[in-house]
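Working notes, structure below.
As written, the chains take the letters A, B, C and D, and residue 1 is the first residue of each chain.
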Amino acid sequence: MNTNQDILLTIAATLRSFLDPLLGNPDVVDVTMYGVALAAILGIIFGNAVILVWAERKVAGYMQSRPGPNRVGPIGLLQTVADTIKLITKEDIRPKGVDRWVWFLAPVVLFVPTLAAYAVFPFSEGLIAVDLNIGLFYFLAVASTVTIPFLMAGWSSNNKYSLIGGMRSVAQMVSYEIPLVFSLIGVVMLVGSLKMSSIVEAQSGIWFIFLQPVAFLIYVIAATAETNRTPFDLVEGESEIVAGPMTEYSGMKWSLFFLAEYANLFAVSAIATTVFLGGWQPPPMPAVMRDAVAFIPGWIWFAAKTYFMIFLFMWFRWTFPRFRVDQLMSFGWKVLLPLALANILVTGVGIYAYRIAIGG
Amino acid sequence: MAISLLEKYSVDEVFAPFQEVVQVEGEGVSQAVVVPKEKLVTIMEHLAQNFSLDYLSDLTAVDRGEKGFEVVYNLFSISKKFELCVKTLTSQSEAEVPTVIPVWPGADWMEREVYDLMGVTFAGHPNMTRLLLPEEFEGHPLRKTFKLQSRA
Amino acid sequence: MQTQTFELNMGPQHPATHGVLRVVLELDGEIVVKATPVIGYLHRGIEKICENRTYVQSIPFTDRMDYLSGMNNNLAICQTIEKLMALEIPERAEYIRVITAELNRIASHMITIGVLALDLGGWTGMVYCFRDRERILDLFNSLCGARMTFNYIRVGGVGWDLPEGWLDECRRFLKDLPEMLKTYEDLISGNEILQMRLKGVAPLSAERAIAMSASGAVLRASGVDYDVRKANPYGIYDRFDFEVPLGTSGDNWDRFYLRYLEIIQSARIIEQALEQIPEGPVMAKVPKMIKPPVGEVYHHVENPRGDLGFYLVSDGSPKPYRWHARRPAMINLQLLDELSRGTFIADVVATLGTLDPVLGEVDC
Amino acid sequence: MNETVYVIAFYILAAIVLFSAIGVVVLKNIVHSALLLALTFVGVAGIYVLLNADYLAAVQVMVYAGAIAILIAFGVMLTRRPNMKESNPFNSSAVVGFVVAAGLFGTMAWAILTTTFPLGLTAPTDEISVRGVAKLLLEDYTVSFEAAALLLTVAMAGAIIIAKGAKKA
């Protein structure tokens, strides 16, 4: 345990000690604290989306040698606010012939797994909503259901572009989930636990990106596909199928898709940080420097690494053209999957050899 | 520099089998060969095969009023760099010439455009429908009888 | 397994149909069984309008046909009228025409390359192409006050002489061009995903390309050496030393990359023209009211999109009796169906991008 | 966890499972049925969580909701029907169906009631769920585990061949 307590944990402890006498029953306090955690996660998602919408445009502008948004507020910082107001005040059009309930629920349902996934992110030491024993596996399970709302939106819109987009989303997400899961198994084998905090703590010596570079590569590629971002943005593919499942959505419903996209982007980046980049721990450095930076709370490191990953994904998006659907599938099944399997095998052999070596 | 086929060969040489039905019209840049529409496809095949006029540059039609419609084919030879303008005439009432799609498949849309705007049908065309104008449009605007409506 | 095909109506409102083109796709899953282009949404009846205008008045209409290469269109219609009148035009005007037409070709090809990148999902490549095209549009703007609809090339020469310093600005652009091309190579044509998307897709044989009257880069990508500037030189193109880049298989990659290579050749032509350009008048003696002699003429030039031809019939009056344009984009677009069959939806977009229709010209 | 919270959560989840299961059977639009099936799976996963079987819950979500339900919905959505509202018609054997279901329910109730469950043998400890499952699968039942894997591979290959259509030599 750190001697200088994290400020956010202090706040949580203070809140708890304040609630304790007020509510009496410790269980009610527990439930209330879960509520607080949920509110905090929602705050992270919304705040993050606000930053990312602006950041993505700025990054795009930077890549395209243009200034990007710079009219609303200083260096365009209030652009997202303006966008949000525009989206909220837009007319919410419901086209004729949509399957009303399914169509209405799709963007809402999309938000549920995204929200649920945030419960297991270790933002810092002890700063985790629920530190499940099966944390990583829980994340994968929850993330696998993201396909359903896309399929719902695609089918219920009663639009052929949307349907094609829904079909693509199923094909793509189901295919890329397998290499995604397999790329993480190597790390799990090294740690011997699925618990998020254990995975991070296991990296106090060396980050897993150095032990599992291939897995990291596979993870980044598969995660790009899972979040439907270029070069794997076939689900939207605006030059082919207009906007895929989102074609018929407008106003607030459409912005929910947008919000979920950025929430997912943050989620996969956070997992990359946790699993490969040492989570909340500062980068490996000599002990003297380590003491010097000890005042920086863990969640700052976590956020810095996560935003670095997000920048990487944005960099991909604004550089690469899109794959074609058959190339996407054959890349996933014929390249990524065998590579991920080989990585697991090599990791297993490596662990065995290491055990023999140190076992004497 | 591309030259007219008729500068290199005489009319008799080029149109030996069809001498009696072929006429040369105009001079200089306006020079054209007029062939009867009954012999059109045969002559075009002859030109494409024996004089390598393999490229149909342009196909259009001119409304000549009383004389009927003139369908104009501008041919080019990519290998030999010849050019030749071939015309055929069809009467106002009939307004039909055979299609040249068997010789140059690329004539498809050009013929449809002529049909659409000039109202000359091409017999044997697989899909003789309007190209640019909507199906329910009445008349053929490039005919001289089609008067433009004045702006209200 | 028993499956059914279904119909997808792509366009006339669609992000990647380059305007108001509608393509009725019959699909088996994502594979195209049949692609029927439906055109005419932008038909304005320019041919009929021009028959009711004087010859000179028809020049601005050509700007609005292929609006990405107005200079080339102006050049084509003016040379057609001049050919009909047997008019000689001053040397300096000829050189200005070549310089502007080739600059316009570069601008047009930049759009083709950039928009194709965009169609394949590469936003950034498109932005760089448009940024560099802006340089050319600025040049045109300072030359004639318009960025897209120029009406600068006139019957008998050009509208007015070049403004001061224009040639230097043009030289500066040419100096920067290699760096721009390097950027495109890095961002667009050098990208493996883009090459994967284009290579081997929708090949077109040389025989078929000729038979279908294809022209421009579409024809040359199949290996047919037909560039009107070489095959039937107009103006003073026979004085310049340049190559006609040729493809081999006629697939999407060849059609795309040919445009990249053509930019280099156009730059070569401009460089030579800039060296040779003489001083002198820029307008021949042309009567105020142009009345060409009775007759008819077909004249074609190499437009960025292909073989642009004009067929004019004169009855001796101030207005053309018949005014017809052979629009390369429309004739090339015929190939969309046969090239798309058996490919994916995403390939239809790419094929369309490499056929490069401008709907203003297709519909006319 | 608090008893009241646990009870409230259980009843909410049970209600979700039951009502969506009824919806699967009753709704006339087959796509709605398929989507409710996914909801049923998720609800069952929630009940697993309440039973402290978090690993099983995650597997339930991943395999059933994340894969099986999606494939069912996917398959259903791709079949074209002129009228989606009549795509899941009641068949005429409702009575027979009811009798069979009631019989099944009776048998299961009888079995549950007459079985004596050994309660409170071992309390689930940390990590045991994953490790226990892994030990069972990869040590005690290796042969059957591998046989199942092989069978699935063969089935997948077969499905691909059926879907793509055997090439005529």
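Here is the rule we use: contacts are C-beta pairs under 8 Å (C-beta built on N, C-alpha and C of every residue); 3 or more make two chains touch, one makes a residue touch a chain.
Note that this is a predicted model, so its numbers are computed, not measured.
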Reference chain C; chain at largest CA-centroid distance: D
Chain pair with the greatest number of C-beta contact pairs: B-C
Geometric centre distance via CA averages, chain C-chain A, whole Å: 46
Centre-of-Cα separation between chain C and chain B, whole angstrom: 25
Whole-Å separation of chain centres (CA-atom averages), chain A against chain D: 27
Length of the line joining the C-alpha centres of chain C and chain D, rounded to whole Å: 60
Residues of chain C touching at least two other chains: 6
For chain D, residues that touch 2 or more chains besides their own: none
For chain A, residues that touch 2 or more chains besides their own: none
Partner chain A, residues of chain C touching it in the complex: 6, 8-9, 14-16, 30, 117-125, 127-128, 131, 187, 191, 193-194, 196-197, 344-347, 349
Touching residues (chain side chain D, partner chain A) in the complex: 1-2, 4-5, 29, 31-32, 35, 38, 42, 54-55, 58-59, 61-62, 65-67, 69-71, 73-74, 77-78, 84, 126-127, 129-130
Contacting residues of chain A [partner chain D, same complex]: 25, 27-28, 30-31, 99, 101-102, 132-134, 137-138, 140-142, 144-145, 147-148, 151-152, 154-155, 163, 166-167, 170, 174, 177, 193-194
Chain C - residues contacting chain B, complex: 39-40, 43, 45, 47-48, 51-52, 83-84, 86, 210-214, 224-226, 231-233, 238, 295-298, 300, 307, 309, 311, 313, 321-322, 324, 326, 330-331, 333-334, 363-364
For the chain A and chain C complex, residues of the former touching the latter: 60, 63-66, 160-161, 164, 230-231, 233-234, 237-242, 318-327
